[in-house]
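Labels run A, B, C and D following the written order; every chain starts at residue 1.
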Amino acid sequence: MTEEPRVGVFVCHCGMNIASTVDVKKVVEYARTLPNVADAKEYVFMCSAPGQDLIKEDVKKCNLNRVVVAACSPGMHEATFRASIVEAGLNPYLLEMANIREQCSWVQLDKQKATEVAKDLIRMAVAKARLLEPLEELRVGVEPTSLVLGGGVAGLRASLDLAERGYKLHLVEKLPTLGGKAARLGKLAHVDIRGADLVGSLTRAAASNSNIRIHVNSELVDLEGSVGTFKAKIRTAPRFVDEKCTLCGECFRVCPIEVPNEYEFGVSKRKAIYLPFKEAYPPIPVIDPEACTRCGECVKVCEPGAVFLDQKGTEVDVAAGAITLATGFEPYEPPEGEYGYKRSEKVLTLFQLERLLDEDGPTGGELKLGGSTPRSLAFIMCVGSLGTTEKAHPYCSRMCCASSLKNMLRIKDRYPETEIYAIYKDIRTYGRGDEELYEKTAERLVKYVRFEESPKVNLHSDKVDIEVYDTTLQEDLLIPVDAVVLAVGMSPSADMDKVRAIVKTGCSPEGFIREAHLKLRPVEAPADGIFLAGSVTSPKNIVESVMAGGASAAKVATLFANKEVRIEPIIAEATEEICSGCAICIAMCPYGAITRKEKGEKMVAKVDKALCKACGTCVAACPSGAMQQSGFKDIQVMAQVAALTERRGG
Amino acid sequence: MEKPKIAMYWCASCGGCEEATVDLAEKILDLTSLADIVFWPVALDFKEEDVEKLPDGSITASLINGGVRMTEHEHMVKLLRKKSKIVVAYGACSAWGGVPGLLNLYGEEELFSRVYREIPTVENPEKVTPQRSIKVDDVELKLPDVLPRLLPIDRVIEVDYYVPGCPPTPEVTWKAVEALLSGTLPPKGSVIGASEKSLCDECPLNETKPDKVLIQDLKRPHQVIPDPEKCLLTQGMLCLGPATRGGCQALCVKARMPCTGCFGPLDRVTDYGAKAASFVASIVDFQDEESIEKVMDRLPDPVGTFYRYTLASSSLGGRARRNKT
Amino acid sequence: MSEQFEPKIALFACNWCTYAAMDLAGTSRMKYPPNFRVIKVMCSGRVDPQFILEAFRDGADGVLVAGCHPGDCHYTEGNYKALRRMALLKRMLETLGIEKERLRLEWISAAEAARFVKVAHEMVEQIKALGPLQLSVQVRV
Amino acid sequence: MKEIVINPITRLEGHGKIVLVLDDAGNCKKGYLQVPEIRGFEKFAEGRHAEDMPQITSRICGVCPFAHHMASTKALDDLFKVEPPTAAKKVREVAYNIFMLEDHALHVYFLGGPDFIVGPTAPKAERNILGVIAKVGKEVGLKVITMRKKLRKTNEMIAGRTIHPVLGLPGGVSRPISSGEAQEIKKLADESLDFALFTLKTFKDIVLSKKEYVDLITSDAYTHRTYYMGLVDEKNKVNFYDGKIRVVSPSGKEFARFDVHDYPENVSEHVEPWTYVKFPFLKKVGWKGFVDGEDSGIMSVAPLARLNASDGMATPQAQEAYEEMFKTLGGKPVHHTLANHWARTIEMIYAAERFKELANDPEITNPNTRNLPTAVPRVGIGVVEAPRGTLIHQYETDDRGVIKKANLLVATQHNSARMALSVDKAARSLIKGGKIDDGMLNMVEMAFRAYDPCHGCGTHTLPGSMPFMIYVYGENGALIETVKRNLP
């Protein structure tokens, strides 16, 4: 910056708000004595039209090239005064404000002392203003196409809400079918429909919406760029069966391979060539490449010739302005032996129970364990939640209580004689209608046993014993039952870390994805352009997941509607002539905005302007001073500091 | 035409800077052919008065090493400033006080009582200490005054250029001399002869760094046998290379020892120790106070570590000294 | 000086929390001592230890660095970086003969105007008790 | 009465300033050597990390940084109670002998030597390395310069840096020597020995062949009967890197032989109000003022002292030269200060021979050069023979290895009392009748340059003679005359 700074200082009375405790005259006189101050003026309301005109005229008259306004908090009128100096032909970032109302006149009583504070604040502002530089606001055009990862309820809701607003999007699902976990639940609480049907209505809508391009059996494998201009690489695994398939079912019959059916949470088996479930979308079978031996039986029996064992996977690059993460959760998987899990068919998880109670499930809704229907059942609650065991998560998984209660009632409906124990640490029926479920179970004589020390499950050939200290009765109980249901909670989805690594976003202490702000920005990731739906951020029930999906769609739509993102130019930048590529800054950035790029054979840090959010943490860490933040450069802040007293600031 | 005149002078230094110039070896002869060395205490001699006699600004460039410790130094550097067109702070001591600047953590009294009384081998029943002036068989013997603090020369006179290093390597010295003789010089106050970037730029281990440089522990050199193929900092050793000006070609790191910062700060850094501490603290990969403090406990002497060569030039200049009010 | 000692305290305030909290204190017409001189930064993570030593050198009797509560940083973790740096700097200040009470790190959210006022009173009292710093330092000529 | 101040302005902060007091007859009745400098390493060592001391204390002297670095490193071995692997010890000793050789060469050819090689009476302008080159021939001169450069480059390779090395750590050295490097080192070792032998030959041809020089060396003005101290191995042979401290009396009898840990029982330091340097002396004899003889605790260190304090050299060719010297100068101990120059060339041969032994020892390329300390540090003491004499570092730390107290007995300091004697005696025997001429003053100066004193290396001047400014004051302290010595 070659030109000699000519600073104009404009002190506002704000009616009496400032003038009553700050001697404005004195302050203005003092301001005139400061180095590089070309002129200082006062006015009763600087923000008023005449006040702003005063500034504009003065900028021209005294050809000022820096402006200090001493008035209210920048939060109030920085924009106003920036606009007025722009009209006067100056760059908006050549303005510095001294907050002498909120942080001075309003909080001080003694006029003399308040006046001293005002003088100091103005001296410091002038010191910084001298070194201000013109900055150009950055704008990035936004590609109005979205990328939604995860085809569960949250992802589907997010996709539909966006598509219905007229935006195009890619819906990417890792599994061969849409629907997520909800599609594998039986009858849902409060509404008398099965999970598969609930999800089915969404998948059908998505499938028939021309704005939505569905990629099942697919994963995001690479991501470049930033908000507005992401470039995503989507890899689709081979399905080995194409749409010519008529679902005659011959191939299932002849396939010699049987493996546990993950869509039934392992309570039944499926073949190597299979249709995940009746309502699966797309309604095309798929071959499990791990299980398949390539024996070719299916090819032989396939009339339409829809099976291709040598099919290859495909990769496609898509441009996206925003990304919504709806990659869901995993049911908590108890370690073998925990509460007898996997040691006996009499011990099953809540999700497995859902399958057994589903009319379309393997048993047609019959509750049969090893051929017989249990006459007594114990639900152990909070399995994998509330820190009940060493491996358990510290948090509450929110959905397991209501879901357990619902299932208890289903069992009571179907097998009224069944004796049911609810062994719980805490019952949290916070959702609408859930409390009624709780009361109904009481009416239906479900026996509640509360524990602090998690119960012990002893397996016997004919029955299961549960040892537990009941904190209500305050005595040890031995409860013999025929079967045990483990009300397992929710864990972060298995490939969460893989996804996070690709989209470069942080995780919460629980291992879910961290929100930009827990309360105020719950469906946004810290990095711009990354949105969050469903249980990627924390355990959620279906209602909450759907809400989050809709909310995230609204956020994406807002971004798209603006057509471009404006970036405050107070971002960080590394001076290549000084940067040695020491890499200290990279770990400082919560947004992954800094990378080391080879320049010639040497390395230097490079900041992605669109990713930088201007916190300046990398600048404070930069050991060489190569990294600087526009508007908050070391020399600018140091000048402000040096002006603390007149010793050096004068 | 007349050859440029060069002067070299030493204040409170160890002689290493002189050795460094002697290590120019045969290049010294080149130097003498390019310039007249008008003043070089190790080589030639002038008495103060003789310098006085020189016309002001008649010396093309004075290279001064060592910090200002005694009253004579103060006087002499002021004199040289007057007589020289260009004054160069040569070496860590004159640029930032260097290792002897660490004495600024203590007062003169503490120094004298330690050296002349407390040290166990001292046999000093009458508690004698050296005197500024003392009569011994009616002759007055004088000793020069020790300043309350050691000062980098730019706290006493204006300095035009800096040549960093403890000591500057022959390569750096020669580059600086060439710059001075070529006359094509950077803006006043610049460092000459060394790199514009920090040591990492020329360190063979820089590319071995992972994307994110973070540490869970600080290790002092005697506590770890480092993998010579990996960046020392990423192994938890306090290598100050990232904060230190390059130019030495990473001599210490090549000897598997961390950089201790003898080439000092880069242009935009005003307080080397604070900056070095800032980057080190920043990469301590913990978020709870207790774990952070645990890591800091591993480094009992941060001041001596981060200010090894620059304490006298730091914002505080040493242990805070209050104005007598 | 005959009048009673009014310390000068440099306050590095995070734009999103403490700066806002101070504005709130103002709009709620709370009162606090006239000793703070605010230097606004976008995040406490921007505060370079150099700034703090410079402040002491340039006449500050105390320095207050204030940012968002842990976990609430507007930039997710800038305040943790501040925490790390202050932890180390405090140790250095002790060796450098500056009482650690003169450097204070506080978490004050945008809503905690009252908390700011409380901290302000506390710190001013502490520093008045310590007395003026008034360093004598040589600067470059 | 008059007072003469000789102010060696080669360095203003002192490193030797001479005050001569003349009686009314103009005869010198007292000469003082003042050291008006203090840098306080013992003090600011406090609070530092112990393991940093080898690098911090090397800053005491940039001419002999290796000496402090090594004494400090050995103090750390002791402090952390950790034994370095044999390979590490050998690497240290290789570097150390290279350093001794190179530092002695500096003195012989650049500093003290010119007095003899070019001659004390030769014009000042020639009394420097260039004069030496003129005298011994250009190729020889270049040989000296390149030899020194090679030695220093090699130490840079081994120790990271040659000025302020970074090699030393408690329990070893920072890096091993690669087999490739070992090859270069072997080559250099052979050259070094030739060079050392050549140096002795040159010294003999030029100095010992001239009667007036020998007379000068043996003249009474340069003779003091003091105790002598130096490190010796178990066979009482000179060793630079390690051993026991041995003291012989002026009559050549063994007075003491002790481990460095017992130095506080054997050595004390006397303080004078007119100089910043302290005067170590033998505690068991006691401080009797600035006098020599059996009853005065004043001792001497450095080359001649080391040879006097030992029963010989540990290597054959050095031993030969050792015997020759004592034969020529009339048996042990030799009390002639100027014989230090001769002793120095003999030590160069030893350093080169020892260097060669180690260079050919396959052990030096053993990659295992570090043992990590485990003990809780308390107190550590280390000793080496610096070019200028016995050098002792002692540290006391807290559990974290932070220095609580440090004590440094610097080599030159051990000579300070005898140096004061030398200056006083030379001045008194040379300056008579108020007549002061240049030659005399050079003689006075030679009296202590022979020690190659290193109060921050004040007397290391290329011209080989220290420029003087002499002020003659009258009784009333008024300046009577000033004499300049070899100023342009």
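By definition in this document, contacts are C-beta pairs under 8 Å (C-beta built on N, C-alpha and C of every residue); 3 or more make two chains touch, one makes a residue touch a chain.
All values reported here derive from a predicted model rather than from experimental measurement.
J.: Identify the chains in contact with chain C as well as chain D, in label order.
T.: Touching chain C and chain D alike, sorted by label: B.
J.: Report which interface contains more C-beta contacts, comparing B-C against B-D.
T.: Higher contact count goes to B-D.
J.: Name the chain with the Cα centroid closest to the overall protein Cα centroid.
T.: B
J.: Distance between chain A and chain C based on Cα centroids, please, to the nearest Å.
T.: 33
J.: Taking each chain's centre as its mean C-alpha position, how far apart are chain B and chain D in Å?
T.: Roughly 26 Å separates the two chain centres.
J.: Roughly how far is chain A from chain D, going centre to centre by Cα mean, in whole Å?
T.: Those two chain centres are 71 Å apart.
J.: Taking each residue of chain D in turn, which ones touch at least two of the other chains?
T.: 47, in rising order.
J.: Of all the residues in chain A, which ones touch at least 2 other chains?
T.: In chain A, residues 588, 617, 620-621, 634, 638 touch at least two other chains, as defined above.
J.: Using the touch definition from the top, which residues of chain B touch two or more other chains?
T.: Those would be 105, 269-270, 275, 278, 282, 301, 303.
J.: Can you work out from the touch definition every pair of chains that touches here?
T.: Those chain pairs which touch are A-B, A-C, B-C, B-D.
J.: Taking the complex as given, what residues does chain C use to touch chain A?
T.: 6, 8, 10, 20, 22-23, 25-27, 29-32, 34, 37-43, 45-48, 50-51, 54-55, 58-60, 71-72, 74-78, 81, 85, 139
J.: Would you tell me which residues of chain A are touching chain B in their complex?
T.: On the chain A side, the touching residues are 577-584, 586-588, 595-596, 602-603, 617, 620-626, 628, 634-635, 638.
J.: Flag every residue of chain B that touches chain C in the complex, lowest number first.
T.: On the chain B side, the touching residues are 105, 149, 151, 154-158, 269-271, 273-275, 277-278, 280-282, 284, 286-287, 289, 292-293, 296, 301-303, 306, 314-323, 325.
J.: Going by the contact rule at the top, pick out the chain C residues touching chain B in the complex.
T.: Within the complex, chain C touches chain B at residues 48-50, 52-54, 56-57, 70, 77, 80-81, 83-85, 87-89, 91-92, 95-98, 132-141.
J.: How about chain D: which of its residues touch chain B in the complex?
T.: Per the stated touch rule, the residues are 1, 3, 9-14, 19, 21, 30, 32, 34, 36-44, 46-49, 51-52, 55-56, 59-63, 65, 76, 80, 145-146, 148-149, 152, 156, 159-164, 166-167, 169-171, 174-175, 263-264, 267-276, 278, 280, 283, 287, 370, 372-373, 400-402, 405, 407, 409, 456-457, 460-463, 467, 469, 477, 484, 486-488.
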